[in-house]
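In this document, chain identifiers A, B and C correspond to the written order of the chains, with residue numbering beginning at 1 in each.
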Amino acid sequence: MGATGRDGVPRLAVWKFASCDGCQLTLLDCEDELLSVAARVEIAYFLEASSAAGPGPYDLSLVEGSISTPDDLERIRHVRRVSRRLVTIGACATAGGIQALRDFADVREFASVVYARPEYVATLDRSTPISAHVPVDFELRGCPIDRRQLLEVVAAFLAGRRPVVPPHSVCVECKARGNPCVMVAHGTPCLGPVTQAGCGALCPAFNRGCYGCFGPMESPNARALNRQLRELGMSTPELVRVYRTFNATDEPFLRAGDAAADEAAREAGDAP
Amino acid sequence: MTAQAVPGTASQAVPGTVPGTVPETVPETVPPPWPQTRPGPAPEPAPRARPMTPAPYRVRSRRPDRADTVTLSLEPVRGRCAPALPGQFTMLYAAGVGEVPMSVSGRTRHGGYVHTVRAVGAVSEALCAKRPGEIIGVRGPFGTAWDLAAAEGLDVVVAAGGLGIAPLRPLVRELLRRRSGYGRISVIMGTRTPATLVYARELAHWREYGLDVQVTVDHPDPADAGWTGPVGLVTRLIDRVVFQPRSTFAYVCGPEPMMRATAAELTRRGVAPERVELSIERNMKCGIGWCGHCQLGPLMLCLDGPVVNYGRVAHLLAVREL
Amino acid sequence: MDAVVIRSLDPLIGELRSRGYTVVGPVSRDEVIRMSEIDAESDLPAGLTDEQAPGRYRLGPAGDGMFFGFAASPDSAKRFTQPPSRTLFRMHGETVEEPEEPAPKVALLGIRACDLAALAVQDRVFLGGRHPDPGYRRRRENLFLVAVNCAVPGGTCFCVSMGTGPRATSGYDLALTELAGPHRFVAEAGGERGAEILRLLPHDPATEADLHAAREVSRCAAEHMGRSVDTDGIKERVASAPESPQWQEVASRCLTCANCTMVCPTCFCTTVEDFTDLGDGTAGRTERWDSCFTLGFTEVGGAPVRGSGAARYRQWLTHKFSTWFDQFGTSGCIGCGRCITWCPVGIDVTEELAKLR
């Protein structure tokens, strides 16, 4: 696909699906680097930054948001068709996002409670990641994504390398940053050991436990972590909740949440 | 270690050279001399101030071997490059993309390195795309060399799987140069399809020099009815070459299952495990024993390998996920 | 120079600072003992002690005024000898630039015997082989080491088993033993660099009673190890157990989170990462701490060699207690217990080793 734009500069597009815009705003947040990015790529389609929708095709499409409406289904196929490389950004696009919590309930019931005329709301039963519908070249995690990682994805695309986005645990970054472990030192429950790095261990740096917004790391052992989280006083409903947030339907977190939920059901059944 | 031993899916062999580039010398008269080899750790290049910093080399020539494989000859932008022994590797760096270990598969007329690179990942793709005049970073050579002295006076079996022939090529050239020092020399080689065979012209030269060169393919290309040779694993070629097992030395390089099967078959026939050498591939980030990635049990393969003695590592290779 | 008694650490801190050293010592921060820059003795965590157990660390009052009444902090000397990340070079076309590697003059005050042993291990790794690391050498040479002999070992300590403590016997510039009633330090120089400073400090000669009290501190500490390891034949024992079912069992508990390797003062594995400047396209590489617990560590051709948690834990434990001897002629474990304390689920190497029997 010959997508290259002015002066042979690669053309970049940013697309939005069901999401809060926070991830694409991360690109605008790269103030110092944005001029460099703009010099190396033509930002050809970016509704957040301009109102002009450039015509395709595009060398690199950054896609934010999940697929949650019938219209989304059509549009993502179009995006894939006009994009040489498609990178999804953020928990919505890579895992269905917080709106995937609807998967655990009846979305029609929600709609009837929230909207005066629910019949005008066209929505799917499930909120799904982009990769469930079209091939994706790279998934950048996080809620929101990390700006350094976003710049790395763009730089890596320009250089032709695999983006340096390690899939290991948050703990590796946490220790490199010099944080003491909040779980060991303070007894604070933390999802860091089962969560993918990328945020720079932001929450533990402020003495908070990780809440898993980057989704599961490469080989999560949630069962083992859950035993320890219970030791630290987390109840079963709390365990279900920590896994059912931004990446609730990402497979390892889904299983971890389901396992805790099953126990909750058993506990409820056992109760007098 | 072939560095890029993952079988490719190329469809067509592209012999010949790129117009306007200097072809690599093939042994039309006498193969270029390699430095004298000896067993044990190979001599290392003179220590640099920063061992992790590559030296810029220029691509002198680029010869496509197949759709996804090219042979590059590299020469230093400044100064001279340290001599590499057959079996040693360098770390090749494509700026901004990454660095990979790559067996040295020859030496240029001017003393540079020849590397045969298959595009299997971002770095090797970037290396394959380098044109004459472009820059590649080089560190090394590193690691152990094939032990040529240990095979003196013995029959020799050289077994290659796929691009495993690349690090064996300088070995065969050295064997040829010292032909009288060895008994029967056989080269057995397995490749995925007839089209994925590399060094076809060189194999023909080796035959002309009197080596018994046998090639088998995993799958005869259905589109190419021309293949009349053997079909199946390289171990099946062991029956087709002549050697005295009790006085034979074998050099093996290819994918690990191929090397394990070949070494096991050779030793079953009576070749001493200590007379089989393998070249093992692992993840390598430094090449100098700093990064820890290439460990195989007690071995650091960047220092203790890539060429290892089968007698020493057979028990390690038998352990899953070691 | 014979042992002396000093009453205050301030003259020592002052002397080191006047010689251009940044003095780094234990401080209490976020309820943890951290190694951080100090200006004076008053920055030290007086009267605090730690409780260490598998997966658990708590700092609390000790009911005394001792400055060093705690065991290993999560920070070892590794951060100073091998920083978590460093830029290796930048390359633009055929131009290669090597950035100046920072090698600050740092005096580590309060380093323990186990950490001195860890430095000796690191020296073998980075300086003892065919490819010495010049950056490590400079950082190492710029360290001034003031050891403090352990008085209160932690619940996860086992330096006695590993033969590395609790008393510092070599590798230091100065070694202190903290004594109470009255509060004072017995100070010994480990070489001329330390003796030169010691002579300048206000001091008294150490009496036989002082020396006896100091020996008693180490003797008591040795009797209060929280953990032990049977090191008899350990290299062979671990090497011969690659197929033990114990690896599967520990993998069911192991998070493969890499915390153990990050806090270990001898774990040296690194990876390299490429970057490109978005402006002018200059390429470069950084080196950063890596761990044998990551999948990328052994990736070849898109798949890891050690995919299972069992294989990764086996690699780590086997390397520490067995193949380290093959590679570096010494144990990779120095018995500080950090990997036990800082494992979020409290996996205990000493227990795992015992189960391998």
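The rule is short, and it goes like this: a contact is a pair of C-beta atoms (placed from the backbone, for glycine too) under 8 Å apart; a residue touches a chain by one contact, two chains touch by 3 or more.
According to UniProt, the chain labels map to these proteins: A = Oxidoreductase; C = 4Fe-4S dicluster domain-containing protein.
Please read all numbers here as calculations on a predicted model, not as lab measurements.
Taken as a graph of touching chains, this assembly is complete, with every chain in contact with every other. Taking the mean of each chain's C-alpha atoms, the chain closest to the overall C-alpha centroid is C. Taking the mean of the C-alpha atoms as each chain's centre, chain A and chain B sit 43 Å apart. Separation between the centroids of chain A and chain C, computed from CA atoms only, is 37 Å.
Chain centres here are Cα means. That of chain B falls 41 Å from that of chain C. For chain C, residues that reach two or more other chains under the stated contact definition are 274-276, 281, 283, 290.
In chain B, the residues touching two or more other chains are 96-98, 121.
The set of chain A residues touching two or more other chains comprises 159, 161. Against chain B, the residues of chain A that register as touching in their complex are 159-162.
On the side of chain A, the complex with chain C involves touching residues 33, 36-37, 39-40, 151-152, 154-156, 158-159, 161, 164, 166-169, 171-172, 175-178, 180-181, 183-187, 190, 192-194, 207, 217-221, 223-225, 227-228. Remark: chain C residues 30-32, 34, 55-59, 74-75, 79, 84-85, 252-259, 262-263, 273-279, 281, 283, 288-291, 293-296, 309, 341-346 touch chain A in the complex. Within the complex formed with chain A, the chain B residues making contact are 96-98, 121-123, 125-126.
Chain contact summary for the complex, chain B toward chain C: residues 5-6, 41, 44, 47, 49-56, 58, 77, 93, 95-99, 120-121, 135, 137, 281-283, 285-286, 288-293, 295, 297-300, 303, 319-322.
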